[in-house]
Amino acid sequence: MLLAVLSGFLFACIAPVVHGARPLAKSYYGAGWVLAMLPAVLFLWFASHLRSVGLNGEVILNSWTWIPSLGISLSFRLDGLSLLFALLISGIGFFIIAYAGRYLEGHKDQARLYVLLLSFMASMLGLVLSDNLISLFVFWELTSITSYLLVGFSHEDKPSRLSARQGLFVTMGGGLALLAGFVMLGMAGGSYELSELLSQRELLHDHALYAPMLILIVIGAFSKSAQFPFHFWLPNAMAAPTPVSAYLHSATMVKAGVYLLARLNPGLGGTELWTMILGLVGAFTMFIGVFLAVRSTGIKKVLAYSTVMALGTLTMLIGIGTPTAITAAMAFLLAHSLYKGALFLVAGIIGHSTGSKDFMHTGGFRSAMPVTALFAGVAALSLGGIIPLFGFVAKELMLEAVLDAPLFSAVLSTLAVASAILGVTVAAIVGIRPWYGRLAETKVTPHEAPPAMLAGPVVLASLSLVLGLSAPLVQQWLLGSAITAVHGAPVEKNLSLWHGFNLPLLISAVSLVAGLLLFAVWRGFRRATRFTDLLAKVGPEQWYERAMVAITHVSAWQTRMLQTGYLRYYLMIVLGSMVALVLSQMWTYRDSINLLIDVSDLRFYEVVVAGVLGAAVLMAAITSSRLSAVAALGAIGFTVALLYLLFSAPDLSITQVLVETLTVILLVLVLFRLPGFIKLSPTHLRLRDAGLAVIVGATMTLLLLSVNGTQYFDSISSYFIAESAPSAYGRNIVNVILVDFRTLDTLGEIFVLALAATGVLAMIRFRAEDKDL
Amino acid sequence: MGHTTALLALPIIIPLLSGALSLIYWRSRKAQRIIGVLGTTALLVLSGMLVAEVWQHGIIVMHMGGWQAPFGIVLVSDMLAASMVFMTGISAVTTAFYALGSVSKRHEHFGFYPLMHLLLAGVNGAFLTGDMFNLYVWFEVMLVASFALLILGGERAQMEGAIKYVALNLVSSAILLSAIGLLYGLTGTLNMADLGYKIGQLEDDAMISVVAMLFLVAFGIKAAAFPLFFWLPASYHTPRVAVSALFAGLLTKVGVYALFRVFTVIFPFEDTFAQSLLIWIAGLTMVTGVLGAAAQFEFRRILSFHIVSQIGYMLMGLALYSPLAIAGGIYFIAHNIVAKSGLFLISGLVYRFKGSYELKELGGVYRQYPMLALMFLICAFSLAGLPPLSGFFAKFLVIRAGVEAHAWWLVATALAVGFMTLYSMVKIWAEVFWKEQEVCHIKPPRKYHGGTRIMYATVIGLALLTIAMGLAMEPLFLIAQMAAEQLLDPAGYIEAVLGVTP
Amino acid sequence: MGTLMAFLVGGLYAAAIYMIMRRSIVKLVIGLVLLSNAANLLIFTSAGMTREAPPLIPLGALQPDGVVADPLAQALILTAIVIGFGVLAFAVVLIHRAYEVVKADDMDQMKDTDT
Amino acid sequence: MTTDYVTFGLELATAFFMLVGALFMLLAGLGALRMPDLLMRMHATTKAGALGSGVIMVAVALHFGEAGVTTRAVAITLFVMLTSPVAAHVIARAGYFTGTPMWSRIVRDELKGKYDRDNHTLDSPPRYKPKATAETSEAPAANTDTDKKEP
Amino acid sequence: MNNMMSLVLRTTGYFLLPLLLIFSVFLLLRGHDEPGGGFIAGLVASAAVCLHLFFTDIAATRRLLHIDPRDLLGWGLTLATLSGIPAVFMGDPFFTSQWVEMTLPLLGETKVGTPLLFDIGVYAVVVGSVLAIVLSLAEAEE
Amino acid sequence: MNGLTWNIMLALIWVGMTGNFTGSGMAVGFLLGYLLLGVTLRDVPRFSGYIRKVPRVVRFVFFFLRELVVSNLRVAYDVLTPTDYMRPGVIAVPLDASTDGEITLLANLISLTPGSLSLDVSTDRRVLYVHMMYLDDPEQARAQIKYFESRLLELLR
Amino acid sequence: MIDVVLWISFVIMCIALIVTFIRLVLGPTLPDRVVMLELMALLSVAFIGLYSIKSGHSAFLDVALVLALTAFLAAVGFARYLEKGGLHDDD
């Protein structure tokens, strides 16, 4: 299974080679077919498990160690649920890649598209096959990344870039919540392996972190699956070329969230919180999605919003969690993937063959492109939930589940019925509007699509019909085990095309009529509901936009406040922090700190030297002449040297004298070029700075007084005094320390000097002239 | 253990000698280049051997000059130090190779190579030394080398940035020096293990806690922690990009390392005021850094601010003070060195092709240089913490540690900051790589002449490394874990150095 | 003497900080000199000061007679003085070049790089 | 007994020289404080300063009575005698050159106007020149007492 | 002919220069036993060269030096670093002092060791650095 | 080989023979050597100059020291009394000294003696400008300095 | 006796130091200040002499030796600066 996942990445790597390969060079779409062989093979490989996994309900586990110390492994799990998804991903992937070969024929970035599509497919496969939360998350994020690049495929257009960014931010933002949730889940369950986690339902439900972890995971899933309030990114992601949209929206990425919820249902599901969040949000999303679909006119937009509806439905069903609901969810999932995949490809064909991108500019294409029209119609029927298509099966089950929902049945049912009606309208818009009526004026003369592009819609739409007719078989071979996987136990619910006359059927019939009526007054309906645009102004998309603006503003403000460019403010903050920390700690320990104030042992000449030093320091600080300041530095140098001398440090004293002399020479050499001091700051600022400076100084004084009063241990220097002559053969202990006991310090020190000299040379001799990097 | 091996000193001696030789051969570019490549490669190899050595033998100690601890200076390598030295080696090799293609004759003539070597020596010295004052000395070596590298070129922006950089870093050095002096006055010793040992014996260590604050501030400045980071964004974008990359990769990490070292061995951190403080510092560092980046529209400035925010994650590892957290922090350091250096180097290539660092003026790189774009994506997504790159696991570790410690706000901050990092990376991607360039001010050099190829190679190397660090996480995590366990058990360190059990 | 030195050192720090915070870059350098002296004297004081007993061993002896001043502190300060000198030399030339490039002695005209 | 006298005599001499030396140093300081202009201050500092420190070195040499110390004391004295007039000279010259104001009661200034400010050459007065062909026509920039700032 | 600095200074300077240099070597060699050592000695030597610079000009001072300060820098650093290496061949840690006892004319029994080499390296580095800085600054001045 | 070198060699030999490697040993050796030279080689032309010069040097040193002390006392007096008596001024002194060494030594010594401070030497080295504290009579002051110069030159030539 | 004289000498030296410093502050011109720095160096030499007598440690004389040899360099530096046309008075 690892190979199944990795092969996608490998193919992605060689895609550019294949794309440019000489035998295929004449017809670039040829590469599409070649590369499509990979998903085809994968599809067949997964299909070969239909008997064992699908029919017999086996679970195949495969594990490769990755980071065992952290409980992260590359473990894969092929059960009904992952098989269903894997088949959808690889199957639809086959058509998409083949389609892309033709759709973007001659496009300069076609090779990159292959790379991205294949990587994306591989990531999706990894996601649905992973049995380890963290590796699942890895693939989860990979799908976000690849989809970002796919959505931004036409990256030279700004809207395209913005949409890609929006999708990325929403899904990644959710991804972060998901990560936190996963970490909590792993902590609560003691493992990241799904196989282990899902069997600990009780433990998880009772865990103190159940609610937060659930909410975090749900946020992650919702953002990916475009649940309200994250639904807005999906239609915007329509900037992508059609094969991309189709792939993203039919089978794959957007369903990742649904997949995750379904996957975790046995472990986390079944609580009121679960049902409440998933059920209500799902239902609301379903309604919003379909409502907005009807309100839109752009071909892809309509399809995208209808996808939102489907995702809402799925979420709602998983939230309800009853056997019927789970069955409905799986059926709906399959149905949606088929018809939506077909319809997106059809949308692409319309765009490709006519140049139209809006339903308002379509009509009457049936004669020019009959095959497309036919299969578009079939897919639309499935979308509308019309018998005998598989969509019908799914919709009936959905209505049944909603009606029997243990919680919030009334709300859910109301929304479900409303959505069913609008769903029919959407189906009509898609299935009727472009094909019938007056022939619309188009940029391109309508023509039938080539086989590579037609293959997808034809097969997928046909499957909608075939599967609908063989619903029980589908359950037996495929959905049954998936349902078991989601529910955590086998389900006694049979899938069939015909349930007899019951309430759901009635609702279906009513909604069919109502939906078609609504289609008839589509324009009017859209006009009548224009008021909802006002709502959009305060809707989640606006939140997103505002957040983006807020980030810019807040960050600019913060930078203005903090990174002012004024060294003195930086110093104020730095030193202020230091003083605050030191003083606060001193205050905390005020009882055990012992300030030593003892002036009894002073000698007058020491006081005088110190006094002159102090006065010189004052002079250096307040003089208005820089030359006086330098002279004051000289005085400081001499007095410091005297202090060192008075306290038994001849080497220091000599060094100080020499360094001071050279410092003065350096300053004098440099000052020649510089202007005199100008009084730059007004008095109050100088007082403020002086205040801070005095506080810093006082802090250092306090520190020193307390350290003078405290000596915890004897100094190690007695060792040097004792060993200098006998072991190091030197009588000047300071020098012996420098060149023998602590050679490394001195070594570092001379390197500092050398570095300073090198820097100085560079500064003086190196003028900024050449700009080459 | 007291295992003595020359391996311990070589990561300092080699760059010191390389630097000295490069200074001797300052007239010959060729010699300097050869020394540059050989010296850094040797450094990498030796540091790899050092890691292996520590892995096998635990903490190793060398008593420089043959003087017993705590009297002489000891070099100590636990796993933290060894792995930091190894990361320095990686940084060194990339810089040296990238420099072959990118550094101009004049830069070479005025000391790029010796400065680079000595910067590395300072960094490694700081990592390996077991003596507080010696740490100060190596900090200064590193600092002055960085000063000189920073101004190499002499442009106005460099001078302006350098003045702030120099002033603030010198203030921090003065604080550090004062803190060391006070600590010496209190304890009469400078050896870290001895300090830890003696302070551990104290009943009343009021003044120690006070002085610890000075260390926190001094190293906080070096590490560019909130609110002490100002010098970094003011200057890091001004030098040549090979230099920026080296700085970004290494300098602040040394400050972080020092915090890790000092607040485990000398002032154990658990349940102290300093720890609770550091939690706040970590969070605020992340946030202010990332917001700073969000406000920028210049390639390298964005990257510079992100250094700050990433420091927050590393500090978070220390602040949480659990084995996992510290391992996470350590892994984060390693990851950041790779990813951040890579990004800076990429910005240099972009500059070479497009002649600007301003997002506004850039564009079209994805179309013209897809390989470069891919490398950027890898490094940028790694920085933003996306799987399966090293950044993801770095983030994962600290977040998991945060969750385990129930540090909810810190976890939330870390996650949000991860998002904001993505924000900035996407901004760069969209503007520099996706967008069409309006006007190109320079004539791009021929696409693949020798220098560019070497630059490319280093960038690719780093990108592959960040992938590899993610994929081969297990051994790295074990190393980080070992480092963390050693850090959290100062007794082992003390015993290795002093031969006494506290 | 430690007490007096504590106040002196405090004064040195205060003056140094005040100078570093001025707008004039020349004052910045003077502040750095003061800062370096402040830190050195702080170490000197903190280690404890001894009168009239330099850490030297008389010719022919193996140990000094009597108590001598702390040689380690002196060695540290010596190292610090040298480092301070190197850094200062760099800083002096830096302001010199900065003045040439910016053509002003005013820190307020050197804030373009930050934002 | 003899050694006691010698010791006492040495001590006495030491004390004397110390005191004298210190007084000379004080003199230098007071002179510096009180004198009205730069050059006059330098009279005090150069002479009294050099002498004072030299005298104290004599005291040092007497006190220690060791060859090594004596050598060093002599060396210090010599160095002071060597360097301090040079220092005085260069400062005086530079001070004069840059027009440091002189005391208002100066009686005579034969140097006035002899410096060439551009190439720093110093002319000698015509009467001391080998041939009496004094070119009075060349008029170097005036160096007046009030001319504080150089051009 | 440089009129900038006076004849008096120049003449005294030529006298002081060797004096200072000798003094610096003296400080270097005795540093292990009395106040002095490589650093102090190096500073004195640099001061001597600064003096020379002050009474002559840069060209003359460079001629006086014979060697570029940058070379001095590099060699000094190398010498100081290498002085720590012999220990390794004796099986000791880096920078363990190695002493050779020898009888020298005039000085008698003398111990000569790597610390002296190290100190000479320090001396060279100090002279090299200070002169590199001062000379280049002086050049920039002109 | 001139007298001084000989004298030093004799002193060294003395020190070597006595084994007394100290300053005082050297001084004794030097003195002995000088006496020996003075007694034995007085008439050898090569050494006669040296032998005559040494007492002059000694005398000059004492002369100079006296001047130094006197000058200091004078300064002391001035410092402690009101400034009214001072008549400062700059005079030009023509030079007989011709070599750099002579001029420099003279200038430095003048700076160390009472009431005078060398300012500068003219570029043609003919004139020394001296600042005087008490310039009652410029010619007298010039003569004073010329006398000083002659004593010095006597010693040097 | 010698102790008493030492103390007196120290007192005198201290007064000298203070007085010198006052002139250093008063200036008024750069050359004045430089002269005072020179004097401070000489004062230090003398002070060191006294102190070495007081402490009995001749090692301190080495400091005086260095001072005597090198302190005048600062003055020479200043003089050079002035002659090159630097401001001598920038109050």
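When the chains are written out, they are named A, B, C, D, E, F and G in that same order, and each has its own residue count from 1.
In the analysis below, a residue touches a chain if its C-beta (ideal position, glycine included) is under 8 Å from a C-beta of that chain, and two chains touch if they have at least 3 such contacts.
On a predicted model such as this, the values are computed, not experimentally measured, just so you know.
Chains making contact with subunit A as well as with subunit E: B, C, G.
Ranking every chain by how far its Cα centroid lies from the centroid of subunit E, the top place goes to A.
Simply put, of D-F and E-G, more C-beta pairs touch at D-F. Centre-to-centre separation of subunit B and subunit E, using mean CA positions: 36 Å. A straight line joining the Cα centres of subunit A and subunit C is 50 Å long.
Per-chain Cα centroids separate subunit C from subunit F by 43 Å. If you average the Cα atoms of subunit B and of subunit D, the two centres end up 57 Å apart. Residues of subunit C found to touch two or more other chains are 16, 20, 28, 38, 42, 45-48, 51-54, 56, 59, 72-73, 76, 78-79, 82-83, 86-87, 89-90, 93-97, 107, 110-115. Among the residues of subunit A, those touching two or more other chains are numbered 559, 563, 565, 567, 571, 575, 626, 646, 650-651, 654-655, 658-659, 661-662, 665-666, 669-673, 677, 700, 704, 707-708, 711, 715-717, 720, 731-732, 738, 740-747, 749-761, 763-765. Among all residues of subunit D, those that touch two or more other chains are 30, 42, 50, 68, 82-83, 86, 88-90, 92-93, 120-122. Across the assembly, chains come into contact as A-B, A-C, A-E, A-G, B-C, B-E, C-E, C-G, D-E, D-F, D-G, E-F, E-G.
On the side of subunit E, the complex with subunit G involves touching residues 4-5, 9, 16, 19-20, 23, 34-36, 40, 44, 47, 50-51, 54-55, 141. By the touch criterion given at the top, residues 59, 62-63, 65-66, 69-70, 73, 76-77, 80, 83-84 of subunit G touch subunit E in their complex. The touching residues of subunit D, when paired with subunit F in their complex, are 24, 27, 30-31, 34-37, 39-40, 42-44, 46-48, 50-51, 67-68, 70-71, 81-82, 85-86, 88-89, 92-93, 96, 102-103, 105-112, 114, 121-125, 128-130. By the touch rule above, subunit A contacts subunit G in their complex via residues 604-605, 608-609, 611-612, 615-616, 619, 624-628, 631-632, 634-635, 638, 641-642, 645-646, 650, 653-654, 657-658, 660-661, 664-665, 668-669, 671-672, 676-677. Across the interface of their complex, subunit A is touched by residues 31-40, 43-44, 46-47, 50, 69-70, 73, 76-77, 80-81, 84, 95, 97, 99, 111, 113, 115-116, 118-119, 121-122, 125-126, 128-130, 132-134, 136-141 of subunit E.
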